[in-house]
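Multiple structures are listed underneath, in structure tokens.
The same subunit A turns up in both complexes below, where it pairs with subunit B and then with subunit C.
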Partner chain A sequence: MHFNFITIIARQEWTSIFRSKIPLALFTVLLLVSLLATFTGWQYVRKFNHQQKTAHQEVLDQWMNQPNRHPHRVAHYGYMVFREKSPLSFFDFGLDSYVGNAVFLEAHRQNTINMSEAGFSNGMLRFGELSMAMVLQLLVPLFIIFIGFQTVAGLKQNGVLKIMLCQRASFLDILLGKTAGITGVVWILFLPLLLLCLMAGNLLIAGGINADALTRIVLLTILYALYFLIITMLVVTVSALSKSSKNALMTLVLIWMLFFIVIPKTAQTLGSSLHTAPDKIAFEQAIEADVSKQGDSHDPDDPHFSQLKAATLRKYGVDSIAALPVNYGALVMQEGETISSGIFNKHFDNLIGIYKSQNTVSSIHALIDPYLAIRNLSMNLSGTDFDSFTAFQKQTEKYRFERTKKLNEIHLTRIKYQNDSKQKVSAENWQKQPDFTFQPVPVSRNLSDASLSLAALLLWVAAGFGALTYVSSKRAYQL
Partner chain B sequence: MNIHLKVLLLEIKNFLLGNTVLTGAASLLLIGIYSFYHGHHVINRQRQTIASVPAVQKIHLQQIVEHGTGKAAGTTAYYPFFYTTHPASPWAEFSIGQRDVNPFTLKVKMLAIEGQLYDSELTNPLTLLAGNLDASFVFLFLFPLLIIAFTYNAFSEEQENGVWKMVRTTTRSIRAAIAGKLLVRLITILVITLLVFAMAAITLQLPVSLQTFKLLSVLMLYVLFWFMISMMVVALGKSSAFNATALVCIWIFLAILFPGAANIWVNNSIPVPEATETAIRQREGYHAKWDEPKKPTMEKFYAVYPQYRKYPVPDDSYSPGWYYAMQFSGDMESARSSEKLFDKLRQRQTLSERMGGFNPVIAAQQSLNKIANTDLTSHIRYLQSVKVHHRQIREYFYPFIFEETPTESIDWAGYPAYEPVRYTDESVRSGLLAILCWAAGTLVIALILFQRNFIQIKDIPNA
Partner chain C sequence: MLEAINLTKRYGSHTALNSLNLKIQPGEIFALLGQNGAGKTTTINLFLGFTEPTEGTALINGISVAGHPQEIKKYLAYIPETVMLYPNLTGLENLKYFSSLAGFDYSEKELGELLATAGLQSKAFGQRLAGYSKGMRQKVGIAIAVAKKAKVLLLDEPTSGLDPKASNEFSRIIRSLAGNGTAILMATHDIFRAKEVASRIGIMKEGNLQSVIEAASISANELESLYLKTV
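So, the complex of A and B:
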């Protein structure tokens, strides 16, 4: 390996790309599309978050302005939480359009998170959403294919390769030089753009860039840089393997189709066939069955609640519920809530587990398709991934439980058992309850969640170098 | 033998025996078979769930009655769920559309409806994002690529290796040579389309009916459109690499970029804050009633149901009649924003259809989903049927609630049966027309280009 040869070839590749008009024309198109995508993405996130904030404020005001009420009424009045988009979601929409945006939190019931954008959309959404991440993941590879398909194959066709090989440059030097040249061009064209868009968007949406956001932005830039490197190595390898530029182009376009259209869909549908998840009815039935096994607070003869009654009477040393210093009705309610919430969480975790196994099937496919690796990583770092949404679901359920529990405590101590439903307590009692704030998944957990994809991406880099070395060692490909 | 026929036969031999046709057709067929399996699998699971509903409903109501024995109807009425289902049409297996996103079963209580309509189905969002690999995807996304692969080098390859010059000098009619080459490709493509469609029709057991025929016409026109696009690019007389690049770029533009941008545009120009607004209003509308005097609430209820005026509603204590009147007024107060939401969703549909006029890919997709009844409009019809059912149930149980009939003396399963939305035969004429116009327009341009670049060439060395 001669470093100076590699540099010369890289520089030569660089200038020859910039000399021709087509790459610049293509870049201009991509630049316009990226700017358009960034702008509309930013605008959409801003509008959407504003809408969610307004709704949140309305619900909060309503909550605070409640008159004096019976605490269990308040528990049924419940609360609504509106999901806001993450600051980087303008860059990568990820799952955002397919997950719910609002959830109603009430006593006794775990409601689904509803009102996803996909539910209010007709089929057009399914063609894919125009975001900057989509441009970088799908279209930049195509750009690399178009500027690079003839890089080695062309030299073979016009005989220049033989001349170069006679001048002490090894085939590996040429391949590495070509890779370095094209990668350099792609990096200089897209990485500053990426960095700038990420910074600007984050600044506009979140009003500033904190350490967490900065880490995400830097990581995204590095990972996309690696992704472009992988695609470039792939293009150079295929070009080196091909007899003519035309063959190289055909093979590369075919690979593109496979990577971006066929494999992602097949992998995910395969995942859902392999790991069957229960539908809603089956899911709810299973929970209901478990709840009635554990103890049904509505059934007066239920053994679990008979025991609770006996134990409570013993604890306070009285012989009837009416003589208890606390409200037994509230106690039963909280017990029922604890039981059903525990069972729900168990089933929900199980469901999430199944979904995760389904998703792992496509993560494993990242080993044969680098697009899947970058797709997952990009979503994770942008906070629009599966784990971020699951975290939202779990946090709202926890919040629902805590909130209901506090109301039951008020019920327990402030409401007398006799004539229970006729009494009211002061609104101050629940005005002090903390509001829900979503705790985003920290970047370290985002990365560990996507560790398989990260490993796949790094493996692809190694495999790329391996492939180049292997191809360069075969005489057949030098002719 | 006639020279035309000879050239044609040679072309057939060259083309059909080439690698492209065999690999292209075989891989498409393979993916096609997988897509049939997938479409069938997804819809069949939905069908199984729907089939399980009557039993679930029956057991559920039995349990409710068991628990409620001895209590008045008004107390028990709070608990039962009533299930509704949205059965799949026979063509849904072909084009899953939005059926995986939208719920196909919904259960409602007798309480205010607006809070219950938008419950989502449990699904893995990543699966939704990846999308379905169903038959419609194969036709909409992959067939164009097959067509591109078959045609991009139809003339350029022979120009590049010098054969074309020989053809020009030997043949008596260059027009016939061009037509022959194109015809061979077109017929091959149409045969493959018919073959894959026939396989789909057999494996998915599509009924032999007008709808299936409509489905086929959309696909045939769509395939023709892509063939015309290919013809147009090929007629430019550029190199194979140029043709392939240009065609792939057109494909990406029409099938990915355009719909992506159009979707953002539709969502931006018709936002739906009404969705959350309806939920907030309904909740507030109902709950505020608890702290208000009972009379206005009851009056609102009596305005629609005057027959219940005769039942006393005590002013100082709880009564079941009042409770359901409160629920009812929650719905009344959110009715406007709910109506507006449906209206806006319909506007979104109309706007997307208008987009289809500019892009045959969108037009074809929407036509397929329309035929399969798997689009947003179909889901809105379902939601409306749920609303109707909710009203029927309320109206069935109101007399028992106001009479305070004991739980055990009511036939809890006697409410009017849920009437699922029937298959709606929607016109796909505008979609068909859009694809046809685009195909015809491209054909004209292609013919002009052929005339200019292949037939009347003045510059002999370039011929």
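So, the complex of A and C:
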């Protein structure tokens, strides 16, 4: 391998591409689409966050303006919490449009997350939204195919490859030089654009770029650079294996369809059939069944609550509920809350486990499809992945439980058992409660969650070099 | 120097080249005549190292081509039937590119001299190859070969499709290269061109070298009769 020859060939490839008008015309189209996607993405996130902020303020005002009332009524009054979109969600919408960003929290009930974009749109969303990530993941590979399909096959067809091989550069030098040249063109055209859009979008949405955002932006740029390198190596390899430019183009278009349509759909279908998840009704029915098995607080003969009653009376050394220094009704409610929350968390963890298994099937497919690898990594680093959604759901349930518990404690200590429902406490009691703020998943956990996809992407880089080396060692592919 | 020792190439049951024994000395031009499929291009590909022999050895300067395909590149240059090169580069740029791939870093003046040696008019140096005629592209191909200072030159139908004037000019340059000590193997259909430039002529049929003739010992008409009788 001669670095000097690789550089010469790369420079020539670069010159050839830039002298042709077609690549520049294609790039102009992609540039316009990218800018449009970035602009609409930024507008959407900005509008969404603004609406959410307004809604949040309204909910908070309503909560704060409740009059003095019974704490259990406050617990049932409920509270709405929101997940602000991640600053990079304008770049990669990921699952955001399908999973929702708001949930109504109330006592005794674990409501699911609502207000997804898909739930409020016509069916067109099913066909996908235009995001910059989509342009980079699906359309840039097409650009690479169009500028690179004849890079070796064309030389073979017109006999130039033979003359090149008769100089002192080896076939490997030629293939690596071609790869370097095309990758260089793609990097110089798309990476600054990517970096600029990520920085500008983040700055406009979040008002600044903190260390976490900067890390995500740098990682996204590096990972997309590797993805473009992989696609280029694939294009050069197929071109080197093909007898003619036409064959190379047909093979590459077929691979594009496999990578971007067939394998992702197959992986998704395979994941859901290998790991079947219950539907919403079955999920809720299973929770209800477990809760009634555990104990019914309204049934005077329920063994669990009979035991609770006996243990409480024993603890306070009294023989009747009326003689307790605390409100037994609140105690029962808190016990019911603990039971239902525990059962919900168990079922929810099981459900998440199933979804994660489905996602693992998709991640394993990244070993045969680099698009799946970059898709997962891009979503994770943009904070629009499945883990960000489950983190929100878990944080809201924890918040709901703590908030209800505090109201039950007020009920327990400030409301007398006798004539319970007629009593009220000061509104200050719940006005002091902390508000919910979603804690985004840190970048380190994002990366660790996507470790399989990251490993797959790195393996693809190694496989690309392996393929080029293998093809270059076969004389049959030189003619 | 080029040497073939029992050089054989088979593709399954088909024998493309059968036990070729041949030695071409420095300064000698050897023309291989034969119909399509006679084994001329196979012979050239074996010397270029693009295909491995089934049996026998191809040697360039005493080095086995199959054993050292990269090392023998130092000694050889190749001109195909149609020199395409890069149409969006100029003649000068093409020559600079290909000579740099051979490890030479010529100045623009030297590149111009090489193109002039190959017979290209100076006004064409800066024009893109897309606008060149076939003869002009062949001249750039010659310049690439000359720039490499190769000891061995392999030509595959180099005058095919050239007009008589361009063919004559081509022959003159080839003879001049041989005069400088280059061993030249030329596969051709053109009996009269072979007679004009070569010192020895081999006639091939179905992978076999049927006969080798000293070019000086035979007239063009006699060569044509012999050729037609052989093939």
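Keep this in mind: the second predicted complex is superposed on the first by the 479 of 479 C-alpha atoms of A that agree within 3 Å, B and C clash if a C-alpha of one lies under 4 Å from a C-alpha of the other, contacts with A are read in each partner's own complex, and residues count from 1 in each chain.
One rule holds for everything that comes next: a residue touches a chain if its C-beta (ideal position, glycine included) is under 8 Å from a C-beta of that chain, and two chains touch if they have at least 3 such contacts.
Since the structure is predicted, the reported quantities are computational estimates derived from the model, not experimental observations.
Following the overlay on subunit A, a side-by-side fit with no clash is recorded for the pair subunit B and subunit C.
In the superposed model, A:Ile9 lies in contact with subunit C only, and not with subunit B.
In the superposed pair of complexes, A:Cys166 makes contact with subunit C only, with no contact to subunit B.
Looking at the shared chain after the overlay, A:Val99 reaches subunit B, while subunit C stays out of its contact range. In the superposition on chain A, A:Tyr316 makes contact with neither subunit B nor subunit C. When both complexes are overlaid on chain A, the residue A:Gln62 reaches subunit B alone and has no touch with subunit C.
Judged by the touch definition given at the top, the superposed model places A:Arg475 against subunit C, while subunit B stays out of reach. After overlaying the two complexes on the shared chain, residue contacts for A:Leu142 are found with subunit B alone; subunit C is out of touch.
Panel annotation: after superposition on the shared chain A, the angle at the CA centre of subunit A between subunit B and subunit C (CA centres) reads 90 degrees, nearest 10. Here the smallest spacing between CA atoms of subunit B and those of subunit C, following superposition, is 17 Å.
Touching of subunit A by both subunit B and subunit C, each in its own complex, is seen for no residue at all. Note for the complex: subunit C touches subunit A at residues 45, 48-52, 70, 73-74, 76-86, 88-89, 97-103, 141, 144, 148. Interface residues of subunit A facing subunit B in the complex, by the touch rule stated above, are 33, 36, 40, 43-44, 47, 51-52, 54-55, 58-59, 62, 67, 69, 73, 76-78, 80, 82, 94-95, 98-102, 104, 111-130, 134, 138-139, 142, 146, 149-150, 245-246, 249-250, 253, 257, 261-262, 264-269, 271-273, 277-283, 285, 298-299, 351, 355, 358-359, 362, 386, 389, 421-422. Those residues of subunit A lying in contact with subunit C across their complex are 5, 8-9, 12, 15-16, 19-20, 158-160, 162-170, 475, 478-479. Subunit B contributes residues 31, 34, 38, 41, 45, 49, 52-53, 56, 67, 97-98, 101-103, 105, 115, 118-133, 137, 141-142, 145, 153, 240-241, 244-245, 248, 252, 255-257, 259-264, 266-268, 271-273, 275-277, 279-280, 283-284, 287, 290-291, 317-318, 345, 348-349, 352, 355, 361-362, 365-366, 369, 375-377 to its touches with subunit A in the complex.
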